[in-house]
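Chain lettering (A, B and C) follows the sequence in which the chains are written, and residue indices restart at 1 in each chain.
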Amino acid sequence: MKAFTLGRYVPYNSWIHRLDPRLKILATILLMVCVFFNFPTWSMRYLMGGLLFAVISILVACTKISFRDVIGSLRHLWFMVIFLLIIYVLVPNGNHTLPEAWNLNGWVVYWDSFAEAGRILLRLVMMIELTLVLTASTKPLDLTYALEWYLTPLKVFHFPAAEVAMIISIALRFIPTLLEDTQRVMKAQSSRGVDFEHGSLWKRLMGVTSLVIPLFVSSFVRSEELANAMECRGYDPQAKRTRYHVLHFHWLDLLALVLSSALLAGYITVSVMNLDFFAMLGWAAL
Amino acid sequence: MPIIFRDVSFSYNVKSPLEHLALSHLNFEIPTGSFLAIVGRTGCGKSTMVQQINALLHPTQGEVDVDGFINSSDRKKRTKNVKDLRRRVGLVFQFPEYQLFEETVLKDVAFGPKNFGMKKEEAEQAAKEALAKVGLDESFYERSPFELSGGEKRRVAIAGVLAYHPDYLIVDEPTAGLDPKGAFEMMDLFASIHQAGTTLILVTHDMNLVLRYCDRVLVFDHGELVANDTPQSFFQSDMDRYSLETPALYRFLQEMKAKGLDIDSSSIEDLDTLADAIVKARASK
Amino acid sequence: MPEAILEVKDLHFSYEAGKETLKGISFSVPKGSYACVIGHNGSGKSTLAKCIMGLNSTFKGDVLLFGEKLSPSSVYRLRSRIGIVFQNPDNQFVGSTVADDIAFGLENTQVPTEQMEEIIHSFAKQVGMEDFLEHEPQMLSGGQKQRVAISGVLAMKPSLIIFDEATAMLDPKGKKEIYALVERMRQENPDLTLLSITHDVEEAANADQVIVINDGNIVYSGTPKEVFSHEKELKEISLHVPFFFALKRRLEDRGLEIPEDVDSLPLLEDYLCR
């Protein structure tokens, strides 16, 4: 389970969980756009980034995801940190505004490199946390419904939005069943002497074949039976269907939409107008 | 040599919020040459227990000893060569037809023996013998396993295990989904394999099979071994508390006893002897 | 004679040319009755079931449902009045939760959203699954999944329910649950017609009508009493006889006279103890 921290639904009942999934997708996109604005000075970049990070952290806290899960979702980032540092330190920074970090026989590295690496890292963290908030607080099926809603306008171009949503929801429904099948076939083949972990490449390839083919076969059987069952229960992809789950837009959703739009508007304004709060206040900015 | 369980416990998802004790302090022996039934309601731990025998799962406490092969909770005590153990303990899972994958029946049956180190010719010879045992003749050798009927597929899968001559054969619900005819043919096959000297372990819900074929029955409930008895004596005890289906004949006897007709059950083996006993009991009344 | 809900007339079907799987099957099921089709695997009973459900459309002969001929143009309309419960509990569970699954059929027939909650709840209650509405299929037993399937079928208010080996993959407890539920459905809804394709003869002992199929032909048809009096002949086609009928015949063979009205196992027990 540890490997699936990111993208897993965590069943709590926070106000974020209760938000309309359509709104959550839109708000996530709005906040993601905020992440990518540029500002004139390092002070402004870190101030605006820090503000956004604070907002996102509050959202994470609101979803009641455990601190361990949050750390878990960031656990593979150390690799990125090292990679970023190497790139930025090795590649000379053209228009630097910060002082020299060191000068080793003409190899000049400015603090800009570290600041840039730090900013990229911050952006990555924010994006991961935003995705975490969305996926941890929204059932996959609700995401599917929301997606269907966004795709509905494409029906004009004969895009089968409802069918796509049905396919996705059935795929989600059958993931645990297929995992069980996988477990069972693996055990059966292990009993027949297959070693999935050791042995020559050829032997292991044979082992994988002995797993994949039975899985294909049983999936085909399942899908055929499922198709029959659906047909017999009156499913017709072309026909109009009513919905049991109807997404409702509440005042809280409206508030969340207004707030996230306002945040985006603020970031647009500051960025486009090249505002520098530090200069306005007369402070020295970097 | 027998299979010995020494204080075996097993938990799923150890050290997680989902930890769940599936087997608890099992101590028993399965003597060589027996035809043993493992029964209990769904989720009682039967399947988990048999997977300890061929080391698909390792105990979280205690050890399983199969002819000196040790599957222990302690990594250091475990016998290293798991393959050798798995060759001796054949395990046929429920709906085994879903493990077939080769292009031809013969290749699929020879797959196990090859994995256990037999040469190609040897493996094919063993496969042919195993197919003969399950009642499939030469005409099946070159056919694709996927075009066979459900019952034939299952026979191929079972032949795939018999082909490496296991000393112990564990079969999990081998009659599930078969009609009564197919079920009895399947069980007669296992009876003949047992006759030839293989120790048989049958995991099942069908008490009629237990009554007809097995010489001993282990009953599991909530991960514990609650009875280790002969079928005849077990079926006369209170089976309802383990949610097991009493065979129709024994249920009838119990009802009759409750309603006041005492029938001498010692000579009853089937419907004819039951009818005899009823007539006798009524005459003496 | 009540109206026939299902009528099959001289039905022939073959998967490959020259090899008939069904060789002229005729029978009818009257309204409100419970019919069982029994036969071993490969006898043609599953093929027959598929023909009646309209999943095998290339048959010769006639299938009449509610008096109307089954054809490619009528199949959708007729099927809306039939409910089918299949063998594999997993492969007919469409929704991601119990409630979603019961809703699936309602959505297809365009039941208004506002009414769904109440319908789902009442039909889940009928099968005793009202406390599991938010459960996902992998948290349910086979028997529970089949009960959900039945509840989804009942919610469509069908006139005919077909059980296509619906208990074959269940453990004894699951089987019992389903048989008890079927018994209750019959009592609560006397107009409901049931057709069960099965190889469990003990189930067939409770039916109004038993149809025995072997090698694509009907070999026996009638009440359980009539059909199961042919113990020897049934044995030849590998079908055994329910416990009650088998024991009754043996007792009669031994000179014991058992009155006509002793027609179930509890009554037989009472009679013998008298």
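The definition used in the following text is that a residue touches a chain if its C-beta (ideal position, glycine included) is under 8 Å from a C-beta of that chain, and two chains touch if they have at least 3 such contacts.
Computed from a predicted structure; not experimentally measured.
Shown here, the protein chains touch in all possible pairs.
For the pairs A-B and A-C, the count of C-beta pairs in contact is higher at A-C.
Chain centres here are C-alpha means, and the one lying farthest from chain C is A.
Averaged C-alpha coordinates give centres for chain B and chain C that are 31 Å from one another.
Inter-chain spacing, taken between the CA centroids of chain A and chain C, is 48 Å.
Interface of chain C with chain A (complex): residues 53, 55, 76, 79-80, 82, 84, 86, 88, 90-96, 99-100, 103-113, 116, 120, 136-138, 152-153, 156. Those residues of chain B that touch chain C in the complex are listed here as 41-42, 149-151, 176-182, 205-206, 243-245, 248-249, 252, 255-256, 259-261, 271-272, 274-276, 278-279, 282. Those residues of chain A that touch chain B in the shared complex are 1, 181, 184-185, 187-195, 209-210, 213-214, 217-218. Those residues of chain B lying in contact with chain A across their complex are 16, 51, 54, 56, 83, 86-87, 90-91, 93, 96, 98-101, 111-112, 115-116, 146, 160-161, 164. Touching chain B in their complex are the following residues of chain C: 40-42, 87, 141-142, 168-169, 171-174, 176, 199, 201-202, 238-240, 243, 246-247, 250-251, 253-256, 265-266, 269-270, 272-273.
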